[in-house]
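Two complexes, one shared chain (chain A), two partners (chain B, chain C).
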Partner chain A sequence: MSTGTTKLDVVVSDVVPVNELVTRFHFRRRDGQLLPTFSGGAHVVVEMRDGERTRLNPYSLMGSPLDTREYTISVRRDDAGRGGSLFMHRHVRRGHEMVISYPVNLFSLDLRARKHLMLAGGIGITPFMAQTAQLAADGGNFELHYTCRTASLGTYADLLRQRYERRVRLYHDDRDERIELDRLLSSQPLGTHLYVCGPSGMIGWVCDRAAALGWPAETVHFEHFAAPQPGAPFDVTLAVSGKTIRVGEQQSLLEAIEAAGVDPPYLCRGGVCGQCETNVIAHDGNFIHNDHWLSEEEHRSCKKIMPCVSRFEGRSLVLER
Partner chain B sequence: MAAKSIISRPVYGTLSPQPGKHHLFVADAEGALAITDLAAKAPDGFFADAHIIFIPGNEGQHVAALEALKPAQLYQGPTFASALPRLKQTLANAHMGLRLYLAGTEGLIGQAMQAALEAGIDHTSIQTEHRGSLARRVQCVHCKGITENVTTQPATCSHCGLLLLVRDHYSRRLAAFQGVCINAEDRSEIPPTEEIFR
Partner chain C sequence: MGITFRKETFRDDFTFSNSPEHIRRFPFPFHEDSYMYAVNIEPHVLGPKGSVLENLIDVDEHYVAEMQDRALVLAEDPLRCQSLPHMTLAGWDLLELLMEQQALGYPEHFTLTRDGDKWRWINRPLGIDDSFTFGDVSTVPYGPMEYITRQSQGDFCILDQRDGNLWMDAGMVTTQADWSLDFDIGMNFFEWHAPVPLAHEKGIFVRALKFLTNIQQGKPARRLNWTMTINPRLDTSPENYHKWGPDRATVTPENVGDKVHLRVELQSFWRLPRSNGIVFPIRCYLIKMDELVTQPKWARRLHRVIRDLPEELANYKGLTRYRATLVEWLSKLDDGSPTSPGFGPD
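After this line comes the complex of A and B, so read on.
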């Protein structure tokens, strides 16, 4: 199933500045009904009509899954990014009518776990807002470790401390506070699952240490929202739809395909879920695979591409779309 | 290794050293050989953090081979039942970083895995290797009694006496194969008994 075809008509019910970088957006259904149920860790893809261009960015739902009257997301402004977060900050106001996807969860809690150990970095806190709310309501056993640059950029840190007290531990970079990761991981009771969301360096560090310390891969969960990397423009022929398109410097291949009126499936738009996987029919050039979905062997085979994050450099590329 | 037939029928692998802080082995009889084979591939000092729970069985073989690995702890028990409290206690006190390796008969692997699942370990993260007898632990689906060391097809339920077809249908929760009455329509019909799970 593609979330490209199941969408929700919403209205922005509130816009709340949280700190110098982060703004929170609240959405309600235009028809006044309840929004679909979701579970902690789910995201929605927000459609932004930016002039001629449609931007589609995934954001974690951060409200409690127990309250589906509204969805809330928090957007960190990225001045050097491709413009989606800037559009949200500059143009989206209360009362705006928007379209968002149904929620999709690629970072769900494993409810068989005896304990949930959560590690968040920066804006990576958002999925944990919903997950902690979900677990707290069920008396679930969790512990959250949250690193942020400064106290003022510790988005929702005060709220989390107030809600969950000592189950939340804060670390501030400007005070040289660092998670004692090896000690933390080695002191967890059997049956603990680990969840990490934050910058890719942090995810890599945590996953590597967990593996080295004997955490089975099934117990380690991470969420990686990689924005598509820019690159040199290139041309693509879409064999099924018979179109030839140009992928711009700041545009992803998926976005270019969508702009050409083709509606491919997608879920994460970050190279992890596998929904947009596309067969390569012919190519003359090199692939720049930025995804975490295909195996290294598949990358080398040049027979598949993940158009949400991957690019191409060369003379010609024909895809089965 | 047993051939895969239906989805619930367990499939076993070959023990290999995993990264981890502690290593817990549970084995019976020839399962000890799976541990010594693993030792040949293990890095130096691997057994310094290892705890072996071993049920040698009647012949009492392989104990010396396990002692030679110099594990931090080596426990020998006469039966799995006698070793179970120790296994449960070890799991209850364990932290993430403990790796579990099970080797030997299906009954041993299944029951040790049952204890591990109760302690919160996911079955996919447990290393298993089948060695020795193919004897099965069978639950009679009629009286729910469990018969150990079933080697024949059909087999007689040691609780209610029904003649059971031993199926490949396996319950991880019970650590047992399912036995279903083979002559429910006509109890006077007695198919020949063959020894097939030796």
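After this line comes the complex of A and C, so read on.
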């Protein structure tokens, strides 16, 4: 089976600066048709042709799933990142033709929930934009708690307040406002599902407190796309394809494998879906596992790696690809 | 052009049969002279014209009769169709998928017109012309899943995806090979597969689940499965075992050709867009031995496959009682010459 997802040819129909860090991009289908239906929490992988190289970044769809004339994503500029968000900010303009993937949802609503309790941090608000739209249209019960650094960086906070009023609660770091998490988690009605999306520290904190307070694991949902981290270059031998490649400082292992002409499977490119899992045949050195897919035990065993986000430091590495 | 729908029954007098064109398009499941259990999943893409894969949702000459048989099953046992409350959205997803695909593949028989959420569905073979509001349950005569699956051939299992697993939370199952929706509803992937033998190799299931949970919108997949049924019964459910179980003791050298049917299931797997659920349409094709052996290649190959089938598998597929009779009958049609590779007839 071929890899990734079906692709869509789109044109950028609008580019809207939202605040000093975030820009919103609108896509329409080049053939004028409707885009595929999606569900709240879905993302698309956006292909960026940056000179010689192709960057592939996942972004959550933030529009209402009820309107598929266009897709919208919001991109937070990351000046220290590997350049995908900078490319979007600097080079992508209205009229640009791009290729994106079909929507994939790795953060879907549990439709059995009697109530949906949502916790967002920073740009982690985007999947909730679509989820709240979906729930609101259907009379769904939700409550959103949104933390941001300052009011001016509260991306879409005003819009959400305007749309959903008291169902949205805002917290600003610069005013020392904090979610009273234990109280919040302890006061929810039975049948509530918890969703969290934001920086990994926040996700860890929320998941830990929920577990400590007795929330069953299947009622706690989180989405964290670990962007691949830059790091020291390293060499890899691909046993099946018989190639030896170098993974550059700003490149992910997955990208290096693709650049070598091998077509490995992937879906999220963020260490959460499990699709890119690869067996380690031999190694002399240390893994830097950045994924959220393998268990801690698997990390320790050094027998598997998720090439979309993980790296290696050491003398030699042989993978089954 | 259009399809000429047959008048036939799948019970009592068993008048079901395949036209010569339909024999040739039968999805014969053996591509070589032996059979081994495998997770043989491949992309569900369009196949050759005239085959059952000409459209992604196949409608054939048995459509009207099958829908009548389904209505009879449901009248006797409404539990064959169930949907847990959180699955209504997935039901709308399925309604959209089936209406779209049937209208696309068979415009002379089905028409779908949409104006926003105002939809009109015309199903000429069944004499239906309904207007409704997409998403509004009060505007369709049944729940959305039941409404459309009363008009679509095959069984349908709708699965909710959560906690890295799939849950059988809705379905329309009236033509099944010995399993029961009422028993499996609410179970997860491992629970409902628990009875399969030879798969103590749990690894197969872990891999299959991983594959299925990764099924992407716009990229359906499929596999073929097979068993045998005595008499062309669509409904071989555990609930009705007392009706079809004893049939197996009625096979004689004289009636093999008429009674024994190869039953092939074309299972496809689709991601549903709004609910993020997965649907497995399980489409059942029946062919009696007399029809099958009109294709000499299939006769020779089926003889070898059934003869060499491992004991446990033959037991699992319920063939034990009449296997010897069947092999003996088929052996007369096997001159020992080689069969060509691939599924199709020569």
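Operating definition for what follows: the second predicted complex is superposed on the first by the 317 of 321 C-alpha atoms of A that agree within 3 Å, B and C clash if a C-alpha of one lies under 4 Å from a C-alpha of the other, contacts with A are read in each partner's own complex, and residues count from 1 in each chain.
Methods note: a contact is a pair of C-beta atoms (placed from the backbone, for glycine too) under 8 Å apart; a residue touches a chain by one contact, two chains touch by 3 or more.
Nothing here was measured: the structure is a model prediction, and the numbers come from that model.
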With both complexes overlaid on chain A, does A:218 touch chain B (first), chain C (second), both or neither?
both
Answer with first, second, both or neither: which of chain B and chain C does A:201 touch in the superposed model?
neither
When the two structures are overlaid on chain A, which partner does A:261 contact: first (chain B), second (chain C), both, or neither?
neither
Based on the superposed arrangement, let me know which partner A:32 touches: chain B (first), chain C (second), both, or neither?
neither
If you stack the two complexes on chain A, which partner ends up touching A:190: first (chain B), second (chain C), both, or neither?
first
For A:139 in the superposed arrangement: first (chain B), second (chain C), both or neither?
neither
Applying the touch criterion given at the start, work out whether A:112 contacts chain B, chain C, both or neither, answering first, second, both or neither.
both
A:51 contacts which: chain B (first), chain C (second), both, neither?
neither
Both chain B and chain C contact which residues of chain A?
112, 217-218
Chain A-facing residues of chain C, complex
41-43, 84-87, 89, 96, 160-163, 210, 214, 216-219, 221, 273-276
Residues on chain B engaged by chain A in the complex (per definition of touch):
18-22, 91, 94-99, 119-122, 124-125
What residues on chain A touch chain C, complex-wise?
1-2, 5-6, 36-39, 41-42, 65, 102-105, 108, 110-112, 217-218, 267, 273-275
Can you tell me which positions in chain A touch chain B when the two form their complex?
112-114, 185-192, 211-219
